[in-house]
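Okay, so here's the structure we're looking at.
Going by the order they are written in, the chains are A, B, C, D, E and F; count residues from 1 in each one.
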Amino acid sequence: MKYYLKLGLILFIFCAVASGILAYINTLTAPVIAERKALAEIQAREALIPNAEFEEKESDQGLTYYLAKDPETDEILGYTFIAADLGYSSTVQTMVGVDSEFKVLGVQIIDQGETPGLGANCTLPIFTNQFSGMTLEEIYVDKDGGVVVSLSGATITSRCIANSLREGIIDVKDEPNPGGEQ
Amino acid sequence: MIFILLETASILSTIGLPVLIIGALGLIFGLILAIASKLFEVKIDPRVEEILSVLPGANCGACGKAGCAGYAAMIVNGGEAVNKCAPGGPDVAAQIAQIMGIEAGAMNRKVAVIHCSSGGYKNTNWKYSYDGVQTCKSANSLAGGPNACAWGCLGLNDCLAACQFDAISIDTNGMRLIDFDKCTACGACVKACPRDLIDLVPLTRNVYIKCSSQDKGGEARAVCGSTHPCIGCGLCSKECPVDAITIENNLAHIDYDKCINCGLCATVCPTKAILDLLVGTRQKAEIDPESCIGCTICAKVCPVSAISGEIKKLHTVDKSKCIGCEQCVPKCPKKAIEMV
Amino acid sequence: MNIKDKLTVSAAPHVHDKTTVKNVMWNVVLALVPALIFATYYWGIRALLLSLTGAVTAVVCEALIQKLRKVPITVHDGSAFLTGLLLAFNIHAGAPIWLPVIGAAFAITVGKQVFGGLGNNPVNPALLGRVFLMASWPTQMTAGWVAVKDSAISGLNDLTRIATDLQSLSPKAYELVTSATPLKVAQTLRDSSFVADINAQAGGLNLSGRIFSSLTEMETLKSLFWGNIGGCIGEVSAFALLLGAAYLLYKNIIEWRIPLFYIGTVFVFSFLFGGIPGSEISMMLPFFHIFSGGLMLGAFFMATDYTTTPLTKKGRIIFGIGCGLLTIIIRLVGGYPEGVSYSILFMNVMTPLIDMLTRPKAFGRVKK
Amino acid sequence: MGYLGEIFVMAMTAIFIQNFVLARFLGLCPYLGVSKKLDSALGMGLAVIFVMTLASAITFLINKYLLIRYDLLYLQTIAFILTIAALVQFVEMVIQKNAPALYNSLGVFLPLITTNCAVLGVAILNTTAFRSDGVTAYNFLDSVLNGFFSGVGFTVVLLAMAGLRMRLEKSEIPKSMQGMPIALIIAGIMALAFYGFMGWKI
Amino acid sequence: MNFAKELTKGLIKDNPIFVLVLGMCPTLAVTTSVINALGMGFAATFVLLCSNIIISLIKNITPSKIRIPVYIVVIAAFVSIVDMVMAAYLPALHKSLGLFIPLIVVNCIILGRAEAFASKNNVVMSIADALGMGLGFTLSLSLVGTVREIVGAGTWLGMRVTPLTYDPALIAILAPGAFITLGFLMALMNMLKEKK
Amino acid sequence: MRLKTFPGGIHPHDEKHYSASAPISIMPTPPRVIVHLSQHIGAVSSPTVKVGDTVLKGQVVAEPAGFVSLVQHASISGKVTKIAKFLHPTGIMSMGVEITSDGQNLSVDMPDDPDFMSLDAAALKARVSAAGICGMGGAGFPTHVKLSPPEDKPIDTVILNGVECEPFLTSDYRLLVERADDILHGLRLIMKIVSAKKGFIGIEANKPDAIELLQKLTAKEKDLAVVPLKLQYPQGAEKQLIFAATGRKVPAGGLPMAVGVVVQNVATAVAIYEAVRYQKPLIERVISVTGSIVNKPMNLLAPIGTLYSDLLEHCGGVSAPIGKAISGGPMMGFALPALDAAMTKGSSGLVLFDEKAAKSMQEHTCLRCARCVDICPMNLLPSMIASAVKYKDLEMAVKAGLNDCIKCGSCAYVCPAQIRLVQWIDTGKIRYAEAMRNK
């Protein structure tokens, strides 16, 4: 019995000490990390729809989106959400902002694991900037007859981004009352 | 002061929960493992445990076995080599070797010796022109082998390929040569040679019959490429002071339990079929007159009666008779004999 | 009696078939000559130049490495020439000249010589070279396809007939049809959003269906068969490849199992699933799939590479079916319009396992 | 697409498209170390499947009911690895005692797995993975299945590698390439061959 | 055994990557660029150093049955520290190393050294061992990273070092390229060793 | 007509034209013969004569040393001059009795017994046994043993092997066309001894005249049939022949009697006939001396023990230097280190190659072309066996079929990489035997 307890206790002590130390360090780093994260997201959102107040919502399809309102006028400025789809070798997540007419205000690639030099070029502004101002009907890659100029050698990635954007927009658009009052 | 206390308290409260949770995990697992280790104990060879404790326990699989335990078990039960652990390196290998007790004492270390001096490409007489798979085993099975001597080396290097220690090379004649420093006496070459030309000889014995031909003298001479065949004449056997040589099937054989390395046989062999590695390096015994107590032990062990002397009197070595076999040296209780 | 020298003694058998490694390899080269001629005819001298560049690089590279390795130089056996040629055959005629050079060098070095040379390599060196190029320079490998010579539009020549209509109906459809290989057209037509789009452009006409069925029309198939279409150098003409394949089969250099089961599998599955949603099921669909792309080249010349395919008869059947399945899956749902190289390469990797699992029972041995 | 379809996608992804070894670079030490013989590769593979499945299940629960609930995600690494290590050691002891035959073919590989990136990797990845729609996070069953299929993917390439290496043993590889270099090259070639699975839309 | 010897053995003689062939996952996964390689190398060295110290201190109080769990907890703690600190202050690097930071826990080198060395030697020697091995690991990673980055991206530490006409061979920074690069580097080592 | 055959196999050039049309001629009594004591499978016969004894043709010189052994007879009259090791047709040195001819060729009595068909099976077998007959198709299994199957293995079919699928050889062919009657008598006798109901004669399609002749002779006999076989090597191998003729598969490691069949060579049938009717021991046989460089290729009826050099001299020697001398056919025969080997009861031919034909090409790495696999009549993986043997992986070699190989040589014949597959397999068998012994 003593033997068992001894083993248990030794392991207990190590775990306890280790987690204690970690917890302490966490108290130091967590705020920094959280701050950076929040800042990054807010910045991303703000970059897409500046000077707005954001309100979190969920669509019928389960998509989380943010309703952007003018803090002064309460006028709906647009929506932002994160669109995602399988690309060439990863799930590509894109933060999108659309205006109240569902025209793209801007996009930003949040996360992707595509091939460096090919699909990974989707993070470059030259690719993302082109989306601004596009309407739902236009968001097809050029090979599919749209106006999105696909990355050379990475049609799949480009197409996945375009498709996810479109689906997300439709999702929000099809909400019975996307920005409406509850 | 109070401030510090409060601060500590707040830290403690954020830290308390994790400590509790992970600590509990640790406690539970510790207990489970402890109980399980008793409950499910399995008896294993203690050496496995011992080796396991020496091994790094990284379970990296670099040894190609199933983790450290698998490797330890393979060393003990499967004869696996001791030097396969990459993270452990040579230190660990040495420790395992110690546990396994495979440090063969240098005293009775053996090495492989090839009993043939022909078989090189340059000095082999061929019976036919062999056209086939280049291994001794294959060649030997075709019409009794391509060389004229039915007993000699075929020269296709099965032994060389079998040696994992790079101990066998080819000399300028094309004959195989064994490097005693590298040979570990693993016996792989002995098994590989289809003509049974190789056997393991104590490292301390340096006189070898370099032939395996059981042909009668004339035939042996006719076919031997090196012109040093054993013709079974028996002169060596007669010369050997300790009767270590027997002749059977026209072939001399040295019994290394008896052989004293004196090399006399080599001097009388008419065909020079006996190789004496020590030729020219033997020294003569000399008795230190100061130390000798005249116990006569040396005189008794000398196979050629080169030592004489009365009991309790100084003994002397007849240098013309001494063959340098060194038999007397270790026997002297006073360590009075030296080879010079 | 006049026996001058010693008699030769060797193990039985004492007689031998005339076939040698050299003879086999050069015969395969010979069998590829029709395809090379067709390619040169359709694309001009550049196709020939690229092919020979690949082959010569491979030979030079092999000789160099063998010299460095201090082993006998065996480039005259033709296997390196063949590897280089096949590698170049897997590149399109518009490719820059350094592409086959680097590809062949990689194929010979990493694909063959690091394993000890002919007979030791686990995967097809030429295909390895190709996928290496694909992974390194995907843009150069997939962009810049050139049109067959003397034809006003690139790509699918016989779609000219409907292309004029298309221009007015849907510019996007027109662009698609005129600028890509037939498999690429088929792939794009599987994208529902694109389809919806061009059909909408054409005012609700089933344009996609029309384009797709024109792919399986007799005229198109004829083009595919004779080679009047875009594609890689070696895959231009099913006819030329079949000619070579027939020669190899007749010469007993390749064996029927792999090509038959490979093409057979593609045939069956393309019949079942090869269409696009909304297109009519056409009896010609399988023919479109087996005549387009690199299937003929792959099935007869690359999936039959001795060294990298199963030894056992059953294993070769599995190999063929596996290649067929993967090819058709990649074509229908994969990331590339064409799946021949990857499917063969993947099955190459599986070959030792297949061999292990399909060891035959000796004549007279009962199954356990 | 129903749930069965989702499972199929998950299987194809874990086995071929995002193969643990060739695409994610996890579990390379055993992949390069225990692939010299076919039967030990098979034993290792099955053991990995077992442990990955089990570890996925347990770590999912720990993650959900301890770490997330009490906001202790920063302790994920330590909690997971501790659980996995203890679990594997426990299972090993049980098998060794109660099923010696199974132990000899499978159990001996268990300790090797504790320190295998693939197991910890799958546990961590499960917590951040999404279904093919890119939105739904993995539930318990998803995690277990993903662990299982990832193990299968590992086993498939391990077996293929073992087959290839057994063949290479009987060929004339240049001296400086023998051993690890050629194994790495083969691994690279396998990774290239697996590129055929990229970009599948299933 | 002296300090200097322990310190240098990890560089060449017992190089963890080229000689011991351990810790292959990070070696191959994060060496797409030199900066990642350095990041991973230093992170691992830090963990190795700290855990070696602790383990050599506690070596006498850990019963063998729970040796591995205890060591793992120690290592995991340091890994988590690295993880958190990096996430807070080097977010970009943290992101590109991703999963492989927590996976340092199971990196065979660390546990291997803990078991093979630290649990049998005193603190000073363990420090030397950790530094040597860590340095060896970092240097090897950077070597692989250098080759891959130059060939695959045409840059070194992010700077363009190849002529602009050079079209980088993407494969070098992809999975197959990782294996093949390391394979050839190892063959090169073998060749050099043979020459000697 | 669809010719019967077996799966696998090859089509070597048959090269029989050199000697096919040469009728059997009688070899004059050579100056000396060597009666080998090991002409058969089984225990070496023990000599019953001493050096200096005089012997008559047909007189016993050695007795069987067990059941699976053979009695040996002097094949010429003369004096025993030496009992020692002589060159055997398999290339090795082996004990034999040298008889120097006295030039008179005196024979023991060989009375004609025209009523031989009325003897019972036991008496017939006794005569076969006394005549020292072993299989003349190559394997050399003592015939009286083969004709005594155990009770539980009833034999219903006898197949005469007239296939002679080896290139070059024509001795069986000449027997078929010249002594068809005797062959049929022999067949009847074998059928009687083993009480079989059916008798087949398997002949390859490249001997149409023999097929026609035997078909004519057996036209009225319901229980006998000629089986014309496709020209395909190794059609004459027992298991393949049985499969082609009856569709039965001899189990691996088993004997033909396991499927109720006995196979005998046509020359053996003739020897049985002569042994029963005249009580004539097996002291002579037909042997083909052939090859492109032989001046007068012949089919010679020669005393057992005649030296190959004497045979060749009788055939007018060679027109070009000999590169290789093969005892037996080129697919399975043994290359000899010298021509002074003495023929045995199983020696069906001496084939001589010039130096060019003797040279073989450099062995190459296996391409894995699978030609060998496709043609192996035993359905094995020859290339895998060979590489397993080469890299000393006996387990794999056995799995790939090491122990089932009949060493027909087809695989090595077709291998484009010139791999000496049969020799590797042979080496593997030696290693395997060693490993078994050490177990």
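Criterion: a contact is a pair of C-beta atoms (placed from the backbone, for glycine too) under 8 Å apart; a residue touches a chain by one contact, two chains touch by 3 or more.
Just so it is clear, the model here is predicted, and its values are computed rather than measured.
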Mutual neighbours - chains that touch subunit B and subunit F alike: C, D
Minimal step count in the chain contact network, subunit D to subunit F: 1
Contact distance in steps, from subunit A to subunit D: 1
Relative to subunit B, chain with the most remote C-alpha centre: A
Interchain centroid distance [CA atoms averaged], subunit A/subunit E, Å: 32
Separation of mean Cα positions, subunit C and subunit A [Å, integer]: 42
Length of the line joining the C-alpha centres of subunit E and subunit F, rounded to whole Å: 70
Sites on subunit D at which at least two other chains make contact: 23, 29, 32-33, 74-75, 78, 82, 86, 89, 114-115, 171-172, 177, 181-182, 185, 188-189, 192, 195, 198-199, 201
Sequence positions of subunit C contacting 2 or more other chains: 5-11, 110, 114, 116-117, 119-120, 132, 135, 138, 335, 355
Residue list for subunit F, restricted to those that touch at least two other chains: 91, 334-338, 358-360, 365, 420, 423, 426
Touch relationships between chains, expressed as pairs: A-B, A-C, A-D, A-E, B-C, B-D, B-E, B-F, C-D, C-E, C-F, D-E, D-F
Residue ranges of subunit A touching subunit D (in the complex, touch as defined): 15, 18-19, 22-23, 26, 30, 62-63, 83-89, 91, 93, 156, 164
Subunit E contact footprint on subunit C (complex, rising order): 110, 114, 132, 135-138, 140
In the complex, subunit E residues that touch subunit A: 32, 61-63, 65-66, 69-70, 73-74, 76-77, 80-81, 84-85, 87-89, 91, 152-153, 168, 170, 173-174
Subunit E-facing residues of subunit B, complex: 26, 29-30, 33-34, 37, 53, 55-60, 62, 86-89, 92
Complex interface listing, subunit D residues touching subunit E: 22-29, 32-33, 74-78, 81-82, 85-86, 89, 114-117, 119-121, 124-125, 175-185, 187-189, 191-192, 195
